[in-house]
Amino acid sequence: MANSKFEYVRAFEQPDNLLANTWIVVRVDGRGFSKLTTKYHFTKPNDKRALDLMNAAARRVMSELPDLVIAFVFHKDCTLFERRASKLTTTIVSTFTAAYMHYWPEYLPDEKLSSPLPTFDGRAVCYPGDENLRHYMSWRQVDCHINNLYNTTFWALVQQGGMEPRAAEQALAGTVSSDKNEILFSRFGINYNNEPEIFKKGSVLYRDYAPSSIQSSPTPELAHPKPRQI
Amino acid sequence: MANSKFEYVRAFEQPDNLLANTWIVVRVDGRGFSKLTTKYHFTKPNDKRALDLMNAAARRVMSELPDLVIAFVFHKDCTLFERRASKLTTTIVSTFTAAYMHYWPEYLPDEKLSSPLPTFDGRAVCYPGDENLRHYMSWRQVDCHINNLYNTTFWALVQQGGMEPRAAEQALAGTVSSDKNEILFSRFGINYNNEPEIFKKGSVLYRDYAPSSIQSSPTPELAHPKPRQI
Amino acid sequence: MANSKFEYVRAFEQPDNLLANTWIVVRVDGRGFSKLTTKYHFTKPNDKRALDLMNAAARRVMSELPDLVIAFVFHKDCTLFERRASKLTTTIVSTFTAAYMHYWPEYLPDEKLSSPLPTFDGRAVCYPGDENLRHYMSWRQVDCHINNLYNTTFWALVQQGGMEPRAAEQALAGTVSSDKNEILFSRFGINYNNEPEIFKKGSVLYRDYAPSSIQSSPTPELAHPKPRQI
Amino acid sequence: MANSKFEYVRAFEQPDNLLANTWIVVRVDGRGFSKLTTKYHFTKPNDKRALDLMNAAARRVMSELPDLVIAFVFHKDCTLFERRASKLTTTIVSTFTAAYMHYWPEYLPDEKLSSPLPTFDGRAVCYPGDENLRHYMSWRQVDCHINNLYNTTFWALVQQGGMEPRAAEQALAGTVSSDKNEILFSRFGINYNNEPEIFKKGSVLYRDYAPSSIQSSPTPELAHPKPRQI
């Protein structure tokens, strides 16, 4: 509309359309969450309320953006926003942030929000092959498992073993998975395999495409969030 | 950390570092705000509370990201996040969204938030020359002026003139600025020049670098938001 | 080596690595060839010597760059030059140009080269799916067919029909394939289907991976260039 | 023209337009030139004929591409090929290669070309500031100086000192500039400062914009190639 001599500056915007026929994964990360989880008294190593809040926010994003087939994966055929990376990532990150803020009082009613507020960043990655996408999901799941095993052991040492955080850290330095399993079992009677699946594997939201004859609502409903092994 | 056979998928992340020695402008836009402003009963054509909320959110972003010299411009020398476009844009958009949600009850106490929540998108643009940056600011200001003149006239016709929105739209089709000024003055006694500066020109937040001998706080304080002609 | 204060300028080089797991097609185009073919008296509409020269140059490029599986397609797994677009395209274009210059006297012994010399440009395109690559090849082949049918008819009108080029151009404006076939047959007794395959479909060079028990040379030999329908 | 169902594959071509208002430097490098210079018996450390051939080829590129202000720098205002990186680099590299091949017999009449032919690669880099461009030129000049001092000393040790290449290499390992100057002077009576400027600093071609009243030819003539200190 502003048809002025200054409008030439629009030409500096460089296209960032993502390659067609590839899966677009938008990965969202919490910013400074180790500090934030301490400030708001999250239960360690896992706070079920906070995980549920995350899933609620992710579910909201999937409701708002029907092009998402998994949280947060756009189909190879998706043409939303002409596949512009900045539009796709900022829209997801903003919608996620707004939902996370909105649902916070519902999931964490005793924690009043103040600065610093919970914020997130994001990036888009293209995966050409279906196998690449599966491996991406596996990578995230393995990452979740490794972090959770570490955190579970660390907090057992601190909370039940009475160790200082630094001492617990040193005790775990150089240990492999079987070492941590052994510490958990022999010292704290915890069988890691019996930990909740959602802690060990994370959760995946995906859109459930029901056969159209059964599907009554025009918009496909989202499946309930649940841990899913890939 | 997850040193698994799946980790190769990281290699699909493509670098998006923005060219060095250029001003990085991150433009943030509201998503679906014409619908949203109706839903939450914003005063038309301008809602001072909503403008103040925007500025409060922008001020918060500048507090959190000291690399910003203007809302939202990173200095040519800035190396934050290695100048990665996705990190810079999503961090700004997420911080802005969180702040906007957080301050909402303070600025719009009577409007309870529900779906759809206010969300934003963003993009990064590089400007090599200082003049390019000035022209960018001018472009946004001209854009603000043109939109505001249109909106002021449109809502005068509707609110004071009793026209239907569609009729007002048709009445304004093809008019130039002087026509709208004339309509405002002759029919509604409004001298557009006397409208508040913040309505006509928008507002700009910038970081005020006071001389270090005067500056007492370690972090430079933000100037109060105020309309500034460029 | 030049470890000086100026070396920071290297940081301005932006990465252009092409997405992994995609077919990389480098398309090479002659620059100003309609002028060039006139200057060097190429037979119209097709000069077999010039086509053979093109194929000889392409064969040379494939010999020099064993990563090429088709002229000029790099395999999805190819990691040559870290898949940097500029290295891949300029290397192919330079090698092609050098070979074209080198073989010229062999294929066009009567045409002494002078300015302007034959030059080429190129670009790299990524195709994620095998089908995308097949369709790319089909696209080029259809393009070749459409151009060749037009050129064959145009030059029949000019060379055998005695028309001025401009008149021939006007005679063909708005015609479809069947019209051109009809003109060729009824006016010049040419059955387009009997034209040489290499004129109608172009040629494709591909690397023939013979079974290793038969293959004696360490480097796989190139198949002879031949038209191939896809 | 090929209006077929396959034409969708064009959409996979991703834009690579370089940022406006920046100097575009296209750097061209010889591929495998240490091998090539040996094969074609280039005089070491510098072969004046080969340098002149390089300059002749560069001069030809500048004649063909009037947008070039320096070999090979496009002006900040240049809009050639819409500033597409692949078009700009491949056109320069191809034109340079063709000219290098074409002038070869003139400058190196005794060296008959055969495989491997001389080929080049190239890349485009954007420099936003004039100072960045000057520093780029300085960087290349410093690089030339350092390499030439090394090569001059190395070949003095080999050619005049009778050392094996490997021994000469070891003799120079860890030496700084002053050491090499000293070796040249004390052992071979060579005062490095008296070496030809073109060896020590390389050469720069630039377009000489004469006042239009003096300039008779429509196309501005190129300045003669000459070493120029920056």
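Note that the chains take the letters A, B, C and D in the order they are written out, and that residue 1 is the start of every chain.
One rule holds in what follows: a contact is a pair of C-beta atoms (placed from the backbone, for glycine too) under 8 Å apart; a residue touches a chain by one contact, two chains touch by 3 or more.
Source: prediction; values computed, not measured.
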{"item": "Copies chain D and chain A - interface residue numbers shared by over half, same or different", "value": "same"}
{"item": "Of B-D and C-D, whichever chain pair has more C-beta contact pairs", "value": "C-D"}
{"item": "Mean-CA-position distance for chain D and chain C (Å)", "value": "28"}
{"item": "Approximate Å spacing (C-alpha centroids) for the pair chain B, chain D", "value": "47"}
{"item": "Where chain B touches two or more other chains at once, by residue number", "value": "12, 14, 19-21, 126-127, 132"}
{"item": "Complex contacts: residues of chain C adjacent to chain A", "value": "19-22, 76, 126-129, 132"}
{"item": "Residues on chain A engaged by chain D in the complex (per definition of touch)", "value": "11-12, 14-15, 17, 19-21"}
{"item": "Touching residues (chain side chain A, partner chain B) in the complex", "value": "1-2, 4, 6-10, 12-14, 16, 31, 60, 64, 84-87, 89-91, 93-99, 101-102, 113, 115-127, 132, 135-136, 138-139, 142-143, 145-147"}
